[in-house]
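Notes to accompany the following structure.
First chain written, first letter: the chains are A, B, C and D, and each begins at residue 1.
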């Protein structure tokens, strides 16, 4: 981009998330121009009414050419094609989660970005969320003690996607949160899924992740078909437990000073455990809208040609887990991350050699 | 028992559940005498203080002999031995859930009861619970439409058992509820489990049941190691959804008039589903304590030599699922109920022939 | 205004509510231009960034002249002066609640509007709220039976006003809801208030209204100094009870099918009442943002020179109650609405004669 | 009573509270015998079934004579007559709240107890409640800062009393909590009340108390006619705020580290206050059943001839407030405690002289 000037950002895909990006970008001073691209004219028209300064573009190709930076907020199955073209044009790219719908595609994007020295960022908004930072802080300060497990539930009625199942749609959030909080990636993935409301795509799923270091279990329940809205992450440690409830405006994170301890006793009649109960505490969080924090960070990286924390590799780590989960769904067995990464690595070379 | 007289009930095991039985039995007019048996003298002494008419017995053998009916509320691994001896003496027996810790043992009890024409009842209290009856009514009246899935969560901090894992301890409730509501048993069982607070026994587990007819998925989350107490069953149907929250005193069952419907469209860009939102309703339930309802039913069956709904077969059906879940834990694969029942059936003959 | 054209709206006062009006007006097609006026330049600058088409005006006088319609969202004590000037220029005026800080002032505005045939609307947003409409429907359909009382609580920490106490700031909502639901005005007002966080202005108050027809008691609790946010209206009838909780996104209105009935008995030892418990129901409400509904209605009235339901008289009725409440605060006695209206009516003539 | 022996306790009145006392007394080792007295034979019969060792007595007179200590749990209007007779016989007496239904009667009991050197205790259970102790500790440790106000709500559907209004029935709890927490009594009382479900007795009331030292406002909302059960005390201080929710099993007391501070500024346009938001904390409370704690304390006082904290004077202080509240109800004006205490003091001498 032209040094010293503001950033011209193309937002490709102006549905639920795309229009949020457009709103947020309007409040970032370094953004000079926002270009909206979407196949649906009605969406564009209504955005134009709300944001008169917005520039509309019929041709995605041209929009990409005129922008310095591109935010890809299209259906997941199209992420790779659009992001690749933008990167090939040397643009900085922020791709909504999931980065791609296969680890092979994700690797392709990482390589393209590397070869062009272009910024590639993944839209893992929860890694820009003060509540998730607090969770990581609770883990790293050892306040929770040794971590036993993480559990996450992301349930609601809708919104069904048309091109990917509920795992690809909702679980990227949970995997990204777990990886972020633990600064680690899992080794094994298992998944259960069912199709109920929709014949083609799973709308309810459970995923289980085994992290080797630290040795932690992660479980995820995602659903498009539940009567109650739930957005909750629980972390259970040997000293304390924490619950992050994204729907509790004033007390997103609560820390429970309670736990159990095994009693060493040969007497099987005796109680096997002691229980400890203490105070419950909701630390105050100075909350900023995570999408806003994320998009500011993207613009900063664009301007300073810096590498974001949620870079392509970060996005790939999540995609690999989702890919394993989908294999586990089909084959009803635990899937090792290695299986996927080895395969992708070998094909990656093959594809690159084409 | 002596016709025309009241029932003399021996309660074997006077811990958490046993002492509840003793309280409840005191209010049943047909109960003439209650005999308490437990290896821990302190428990017996404190019960005697609260219930001065209670008769204490040091010898379980003699207690069984003097009673007309026996309630077995000991650790699960001892259910079989105690219940078998009571049945062998021709006594009516109510065994706390789970009926036994293997389907082979459960079958042994059923056979013994049959050969003695003795009453054998399983303590599935939730099948005596007005909220669960309401769930069944919602399903059978077709108010929920075609049932998609059932989901259950039973979480808390403690109380760890010393001789069985969390699946054997808590999941009997959920399996019994599912079987009762659907009037069916599952065909395939999968389970995940982890040991965190305790080295020997799983304290967090997820179970998945596939019911063939009606074709329904059931998922269960049980935990001894969770910061929040949860006792919740969700049923999602094609017309409505119901949630039974056992902790909500005034609104145990809520019916959500909402759902989704797939749109038949070849356009992948289009929304794949429509969503319907209607009223939420909490029917009034005239609630009686389920343990009280159950124990009255037990006494009635003893007096009338009737067969309870939650009989030995009912208890066996749950034990088979738990057994499959534990095999799935160990072998990380889906387990068919048939595997377990075929095996048990063949060994059952072998054992009988001894 | 010029017939056939869109409406040019001046928003005077661009704080919390003013900026909401600006956002909402942007989405109304009949609004041609929005002019923002505020003494604080920083507010205007930040609004301009979010809404580039917004026209800023330094001079309120000129802004009023160039507009067809004026929304007054300034501190309450300035409502009268600004609205009067706008009406005097023949403009349509929507005044945020309370219409004025004395009934004398409110009457002055009504007279001015009448003499100019100008639209005068009061910003009682809750009368444009689907939940409040549902409450009125429950009352008028007789579903609740004979109404016993209404009770309202509007509590939070902040936001303190600088020029009026918590009664003038928050209670207009509750009085407007009560008057709307009952289609009536009270006859007597009592109030208690205390100053805690602020030395000059009451920050916690209770108000009691007696409605003569129907004979209903209304109680209101308003607070700027409470740890918990509460926005709740309860209506208790002889047949059912309803609770409107504005913070419950999915179940704003709940209807409780329960009640009491007196037993006619001369036996003082006997229970004096019977209790009836039935289902709880949350009707589905198709919810639109009330401010949006209100501002559209304002624009419609401007274009069609129609009289809104929440007209000047409607605003006056609320102001009279608040005035009585403030007299009751000072004099520690019940205050009759007549006292205030008689006085204002007499002075009104006097002022008019000036 | 006979030194060295256990205490024989007569429970007069075996309704809701009386039968709770009977249950609790059974677990107190120093209680040798429990004698139940009630005009309703069905109540006695059902208690006898649950507690076979219970002694029933048809004649209250004889029961009083045979007991060492008497618990009066009859309708409030009969407290005075029964307690007086018991005290006259030299018995120790615990009277359920309110101690009496007039301060004159309460004084009569105090004098009788003094003249007989008999123990007189008032059944203010909340003063034996760990949550209320925590509130007092928060106030006295100055953690909350200077106390601004206390607010209490005690709402439910039922249970209507037959002989006193909702103020005499429910507000004793709140007044006793306020007096206990502040170690003070109020100077002025105001009250509003309405009769809805019942023609004779107020079923909804608001009370306002002004404490002079420390200068604190107390407000109380009591209702027998509310759709939602509420048991909540809020204390707002200059540093922090505390909420005691008696229905929240695990988090009865929550401490909010938030508050406001006035800004000294001559600029009326400026924000008048700053707001401070910090963490929310639920201290762990080791909870024992308050009635149990209270009755053990009563038995201890009986055995050691000690004076309980909730003595007759403590009960009188509450009765005086309730009496003022009822005068305020009738006369629609603030009532000074002095009015009632002066009058009662003068009549007290007169009555004594009879």
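We adopt the following convention: contacts are C-beta pairs under 8 Å (C-beta built on N, C-alpha and C of every residue); 3 or more make two chains touch, one makes a residue touch a chain.
It should be emphasised that the depicted structure is a prediction, and the values quoted were computed from it without experimental measurement.
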Practice item. Have a look at C-D versus A-C and report the one with more C-beta pairs in contact. Key: C-D
**Study point:** Far-end chain from chain A, centres as C-alpha averages
**Key:** D
Exercise for review: Let me have the rounded angstrom distance from the C-alpha centre of chain A over to the C-alpha centre of chain C, please.
Suggested key: 43
Point to revise | Computed distance of Cα centres, chain D from chain A, in Å | key: 55
Review point. Centre to centre, by mean C-alpha position, how many angstrom separate chain C and chain D?
Key: 39
Study note, to complete from the structure: chain D residues touching 2+ other chains are 250, 277
Review point. Think of each chain as a node with edges to the chains it touches; is that a line, ring, star, complete or other?
Key: complete
Revision key, fill the gap. Chain C residues touching chain B in their complex are 250-251, 257, 277-284
Practice item. Provide the residue numbers of chain D that touch chain B in the complex, in ascending order. Key: 26-27, 49-53, 229, 250
Revision key, fill the gap. Within the complex, chain A is touched by chain B residues 39-40, 75, 148-149, 157-163, 190, 192, 194, 196-199, 201, 204, 206, 208, 217, 219, 221, 224-228, 234, 236, 238, 241-243, 254, 256, 258-262, 268-273, 275, 277, 332-334
